[in-house]
Each structure stands twice: as structure tokens, then as C-alpha cells.
Amino acid sequence: MSTLIEVKNLKKYFRSPRGTVHAVDNVSFNIEEGKTLGLVGESGCGKSTLGRTIIHLLDPTDGQIFYRGEDVTHPDKAKLSELRHEMQIIFQDPYSSLNPRKTLKETIEEPLILSGKFTAPGALEAESTRIMDLVGIEKRLRMSYPHELDGGRRQRVGIARALALNPKLVVCDEPVSALDVSIQAQILNLLMDLQDEYKLTYLFVTHNLSVVRHISHNIVVMYLGQIVEMCPTDELFEHQYHPYSKALLSAVPTVDIHNQKERIIMKGEITSPIDPKPECRFAQRCPYACERCLHEIPLREIRPGHFVACDRCEEINGLE
Amino acid sequence: MENEKNNKLLEIKDLEVRYRSGGRSVHAVNGVSLSVDRGEILGLVGETGAGKTTIAKSILRILPDHAIQSVSGEIIFDGEDLLKAKNNRMTAIRGYKISMIFQDPMTALNPIMPVNKQIAEGIALHMGVSKREAIERANKMLETVGISSDRGGEYPHQFSGGMKQRVVIAMALACRPDLLLADEPTTALDVTIQAQVLELIANLQKELHTAMILITHDLGVVAGVCDKVAVVYAGEILESGTKEEIFDHPKHPYTKGLFGALPDLSKKVSRLSPIDGLPPDPTNLPPGCPFAPRCPKATDECRQGAIALEALNPDHLCRCIHIDE
Amino acid sequence: MMSDKKKMSAGAEELHESLQPGSFKYIWRHLSHDSGAVVGMLCIAAILIICVLSPYIFKYDYSKISMIDKNALPSKEHWFGCDELGRDIMVRVFYGARYTLSIGVLSTAISASVGVALGSIAGYFGGRFDSILMRALDILQAFPQLVLATLVSAVLGPGLDKCIIALAISGIPGFARMMRANILNVRGQEYIEAAKSIDCSTARIITKHVIPNAISPIIVSVCMGIASSGLNASALSFLGLGVQPPEPEWGAMLSSARNLIRQYPHMAIFPGLFIMITVISLNLIGDSLRDALDPKLKD
């Protein structure tokens, strides 16, 4: 398995009237080709910004992005155009991610027209029909406008547009969180089928841990712009070592009424990532915080393949 | 007298609500019957557009007048039919006997009024106490929901999302209502904040012995909080019963489908089993069972006449003719 | 059987395609099905036709003074009566429509095109140009539109062309602001990001995705703008700053009738009535146009 995308010490800062927002701060990870990396965190933790920075919808402030081993942090125009064909994004809100004045056909055909590959008579039509088939949109809907469709179908159109250029990496930014449960399952299954068929690599950004468990191979947990824990999916659901991951997992409501787990209720709320102090960003809410937490905490490998950013990790979890 | 005989606080019988929309009539609620006992939490579960919020709003009679075509049935609250009550009687009930929490805490608060004044407003109106007394009580209420009373004089924008929802809860519970209608109270919040707020609601409910209808699309939230569950689909209750009955022995194909479609944190399945198709168009409902077009078990019989809600046992009602299979 | 079905669906599709929201045919169909808009269009059309044909159908000249008919009340001979110089009011009203309407159309066209261009640039690119432009517009908007127009035409002097320029300048801030706000709103939508991600050029994003979604409120307010600047033109003439006598602009007619309004109210009523009809008609058309341009309201 080869590494498709690698991110090294990536930073994305925004200026705001109140100071510099450290939306993504020193993040490193990689994704193997054909795998799914789940990026989990609460609102404002920088997960969407990270996803958009990787596919160059935003320019990174610092750090490096490698695509198939090649440094693509600051691509020139030609390279960027090439990358756009390799990396795509599916948005959260199927209501605002489709141009309300374009029919489905126009939306799906636009990337094909721009690619300039489908100039033969009928080729465009054939290709767009193929893609609509692929994502399960009935052909009779091609002249419909987004507002005439339900959320699930709209999200299928978003997926169709993303897949039209045959990308290798797809950033899925909360693709199912606006959908009802029964429709959500349809879309998740579709995404998994497409991955199998086209060896797609997903960066799956979400706040929903149940969905992430279902779809990802590896998981990154983010808190205020930094990675706090990173490991294979099953490993995380068996042992969470970071106090934040523990609290996050325990907070997810479960339908098993006989096994309601003990919730770890955290103090306070997520603080803002504006000019953060050089200390563990979770310390203010952490039940285990002490003076040792008041400096930068690097991510370290606790067990093979399991990285945690906590100084007191061994103590808390009784590890040696 | 009647109240002493039974413990029933709210009983809805055959509620039907129709909206007018673009010349067509929208069948939003179609013959819903349910009851809530004192101190009990009923979970109303269903997907977008199932009619959950309409049911809650008709209890408070706050449906938008201009869009309503007809409302029929009975909503008996504490022995009184709210659908027949006079308007000034409703004003006295709203916020005092029954109050409601909405999904979005950001829009539920007046941005230009300190939060303790907003809470005090309701107290002064319904409890007939002086302004100063009302503010004092409001500050006490803030303490109850975990906000220091020092912050009472602050404005909504000075609070975070979770804190605002706490203020909204304080406002709803300020007059110690008998019934609280909570419409997706945690949907707009992050998971860890949701956990805080749900715990708060559960504790307060126990403390004040308030009955509650919790409207949600999240079966996990229901599992954690409710005593009884009603599954709503296309304006009808398809299955209802105690939480144990519904979660341990779901009978209706739709309820089963919902559980199957849900990715679960505690176990990994290779593939989810979604429910095929889409909910029916409320302006053009199919005759017979509304779920029939999506149901794997549907037969011709399902598509013909209306199907009755039958009791499988005293704690479990289900609207399906194929349960035995 | 199969081919029949196919044919039918193909037919349906064709119909669908030709009636795309935004297409001229579609807008026309919507307008012609809206009774308000139909009334509005009929009124405007009637005024236009009579005003073009007025030299041929009326036997009086708009400037011909006749002392016998001085202050004449409406009669068989003079349907709308005559003014203080004995000129036929009906002829003057229809002749005057040329001035009022052309001032409205021209000044609105100028202010809309300048405003839209400025607003688009400011909205899409932002930065320093945006802040400078917005401050400049703030200054212009510190005055009510009519006061600003009065000010400009007081500087430029009276006359038809100056009146148009004055009204055009005073209308720019409104259009620029509206366009900027629309662009800012559209620019933040996810479909713009999506367009970027499929390698759309900036020019294509602006022309295909941003402007089509930002322009429809402008088209509507152009319609309303014609009405209001016609009204302002009347106000300017009323103040003696617009079209000069003996040219029968509606506002000028009102202005000269005001001294006699107690004794001879018909002199003010008829021009006033036509100002009202025109404004209402244009507003009705504008309202209906707004609905026609919104694909969400497609039935």
C-alpha cells in the first residue's frame, strides 16, 4: 500500500479582529491509498479547514503537503489544475453546495466540460449519464433544479460532481450530517461501494463518531486545531488514551438501553483557538490537568500505530 | 376530581392537522392519539417532516394561523380541551402550565435584553410577583441550570451555544410547568455539550417532576432519557410503547428499519441496511399504510384501507398487519 | 407501446427545457399568468401607445393656448378639462408621458449599470477598493435620494438631460450597495467553493455562478426604480428644477396646478392620477418579475 497524501506540520491561521485564529496548528498525518481517514472533532476544532487546506481550497500558512511523495504545498497554476482533477470535495450542506440556477445535468456536466476531454459528439451526454447511474440518480431528473429534490438526492448530485473528474482523493466534509437516518445509511453505503469500485481514498470529516466507526480505517481526533489522538479505528474504540477522546466517546448517545455507559461530563465548553498559549489546549476542561500540562504537548507513539498528545497518558490509563 | 383518579396529564385523541400550501392541502398530522402521565418523559421520534413539531405546536396552539386549513380532534390537558379553550385561557397556560424549548437557542432569546430579565418576564406575568422578586427567582433559576447568577445581567451574545440552551431551559422551567415540550433541544449542540444538556434536563425533570415530550430524530437520545416512545411517520404514530418494549422488541418494519440504518458505536457492521425510497409526499399520501411504498413486507392489503393501531400488550401498540410474520 | 412512451417523455422534456426559469419564454409565461402583472403591462402599454400616437389622435396641440378654454372643466370637448392657459390637459398628459417615462427609464438604466459594476467589483474582490467605494457611497447616501437629486440638478441647472443625470447619480448608491450585498452573500455559498474545486477559472465563476445568482433582485429593483425615478422627476419639475414649461412633464403640470387646486382640482387630479397608475403598474410588474426569476417558485 502506498501513501497517497502526507501532511507535515501543516498550519492554517486566519487573522481576525480579536487576534490570530490557529484553526489548524502543526498537524501531521498520512493516508494510504484506498483507505479512509476519519477526522473527528467538535465544531470549531479546525477539521473542515484542514480538509479544505489539503485540497487547496485554502492556502496553508506553513508546513508541507505531499501528494504521492511530491511536494505540492504551493502548486503553480498548471499543477493546481492537475491536482483539482485528483482531489475533490463533498460538502456538508447539499442545499448550499449546488448552484440553485443550474439543472442537475448542468451541474454534473460542468466539470466534464472544463476538463476538455469530452468533446466528441454525444460523449458528454454518455459520460454524465454514466455518472448519474453510478450515484443512483434517475435519468428523468436531469432537468430538475436542486430545490426540487430531497436532501438525499441532492447529496448524490454533490457526489456525482465530485466523482466526475475521476479523483483519487475525496474530502467528505460531514456529507451525511444534514440527512435523516434512513437516507444517511443510503449515502454511507454508496460512498463505501464507490470506494471499493474505484479505490478511492477518503478524508472523512465528521463530528459523528458512530458514522466514523462505520466508515474509517484510521481515525484522527482533533481538538482546537491540534491532533490529540491518532490510531486505527478499532484500536480507538477499544482503548482511548487521551482524556478528550474518552469524554467524546462517552458522550455519544447509544441505542442500547441496557448498557447505558457512564458519561464523562466535561467542565465548560470548547474555548476559542485565538492566540492560544503554549500549553495543552484541553487542560482547562481536563479532569486530570496539572502543572505538567502547561507546556506544548507533542504527539507521541504510546503503542505501535497509536499516537496520543498527553503527558500523563500512562498514569491516567495505568500503562507502563 | 378526575385528576386524582388517574395520573394522566395530557391526552391527545385523533389529532388531525392540515396545512394549506400553494393551493394544496398538506396532511401534516393524521389521527394521532397519545397520552403522557405526570412526571413522565415521552420520546417522539421520526424523520424530518414527519409532523413531530406540528403535534407539539398544536398542543400550545402556536401553529401559524394563516397556513392552517383545519385542526380537529381533542387535546385534553389536565381535564381541559385545549383546542376548545379561549385565547386568553391559552395565554395563561402557555409558559406557565406548558412551556416549550426550541431547537435553536440562538434565535429563542431576545438579543437586546439581559437573560435574567427574559426569564423574569414569564415569572412576573404568570406568578404575579413583583419585578424584583421575579428577577431574584430568575437568578435562582440560572443557578439551577448551572449558570452563576452573577452572569444574570449579561446579554445572550455573551454566552456560548450550550450556555444559551441552558438559559432557554431555565426560561422554560421558571414557572415550574406541568408539561415541557422539548423540540430537538440538543440537535444544534456538539456531542459533549449535548451530554451536559441532556443530563441537566434529566436531573431537573426528576427534581421538578415535570412531564416532558422530547421530540428528536436521534434514537440514542431517546434511549438515554425517555420512559415511553412513539414513532411518528407521515403524521401517524406507527408504533408506541415503553422504551423497553420498543428498543428490545421493535415490531413495526419502519422502527426496525430505523434501527438497522443506524451506525452503532458499540459494534461494527460491514454494511448498513437503509430503508429504500423516501417518505411520502404529505400533499398526496398513499391510501392505507403510509409506509407501505417503502416496506419490504407490504402486501395489497396494506395499500387498501387504513390500518388500526393495535395493542400487542398493554405497553406496546403497533400499526401493522404483518407483525406475526 | 414502448416508442409511444418514449416519444411522450421526450416531448415532456422538450417542454421542460424550453421553460427553464430565467429563459425569456418562462418569464413571459409567468408574467402573463399573473393578473397583477397583466394589468400593469396593459396600463403601461396603453399609455405608451397613446403617447406615441398622440399627435395623430388629438386635435389639439399640447402648447396651444386658448383663452376661451381657460380653466375649463372636463367636458365632451376637453375630456380632462383645460389648464389656466386653456391648454387641453389630456393632450398634455399623454404628451408628457414621454418625458416622465424617458427620464425614468434612462436615469435608472444609467444608475443600475454603474451601480452594478461598482458593487460587483467591490463585493467580489473586497479590499481597499471596497472600503473606499463604500465610504464614498456612505457620503452620497447621507442625503435622501430626492435631496441629492435636487442638489445635483441645482448645480447643473434645469433641463431634461441634467435632470436625468441628477437622478442617475442619486440612484447609484442603492444599486451598488444591493449588488455588493448580493455578491457577498453568493460568494460565501458552498457552490462557489465547489466550482473552484472543479477547476473553474475566476472569470467563469463570476459570470456563471456568482452573477446569475446575484442579479435577479437588481432586475426587479430596476423596474421599481423606473417608477420611483419617474416620481422623483415629477418632484424635481414640481420644484422647478426639471423639465421646463411649456413642456408638459407630469410633475411640472402638478406644480403649475397647485395654486388653483381649490378652485380647479381637475388640473392636479389628472396628471396625479397618471403618475399613480404608472407607478403602481411598474411595481406590479416588478413584483411579478421577482417571482418569475426565482427558480424556487417554479410551479
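By letter and in written order, the chains are A, B and C; residue numbering begins at 1 in each of them.
Keep in mind that, in the parts below, a contact is a pair of C-beta atoms (placed from the backbone, for glycine too) under 8 Å apart; a residue touches a chain by one contact, two chains touch by 3 or more.
None of the values given here were measured: they were computed from a predicted structure.
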{"item": "Contact-graph distance - origin chain B, target chain C", "value": "2"}
{"item": "From chain B, the most remote chain by mean C-alpha position", "value": "C"}
{"item": "Most extensive contact between chains (C-beta pair count)", "value": "A-B"}
{"item": "Rounded Å distance, chain A centre to chain C centre (Cα mean)", "value": "49"}
{"item": "Computed distance of Cα centres, chain B from chain A, in Å", "value": "32"}
{"item": "Residue numbers of chain C (touch at least two other chains)", "value": "none"}
{"item": "Chain C partner contacts - residues on chain A that touch it in the complex", "value": "52, 55, 57, 81, 84-85, 87-89, 91-93, 96-101, 103, 110-111, 114-115, 140, 143, 145, 147-148, 158, 161-162, 164-165"}
{"item": "For the chain A and chain B complex, residues of the former touching the latter", "value": "42-43, 150-152, 180-186, 188-189, 192, 207, 209-211, 213-214, 234, 237, 247-257, 259-260, 263, 265-266, 269-270"}
{"item": "Complex interface listing, chain B residues touching chain A", "value": "47-48, 160-163, 190-196, 198-199, 217-221, 223-224, 243-244, 247-248, 257-266, 268-269, 271-276, 278"}
{"item": "Chain C residues within the chain A interface of the complex", "value": "9, 13, 16-17, 20-22, 189-191, 193-200, 204, 209, 212-213, 295-296, 298"}
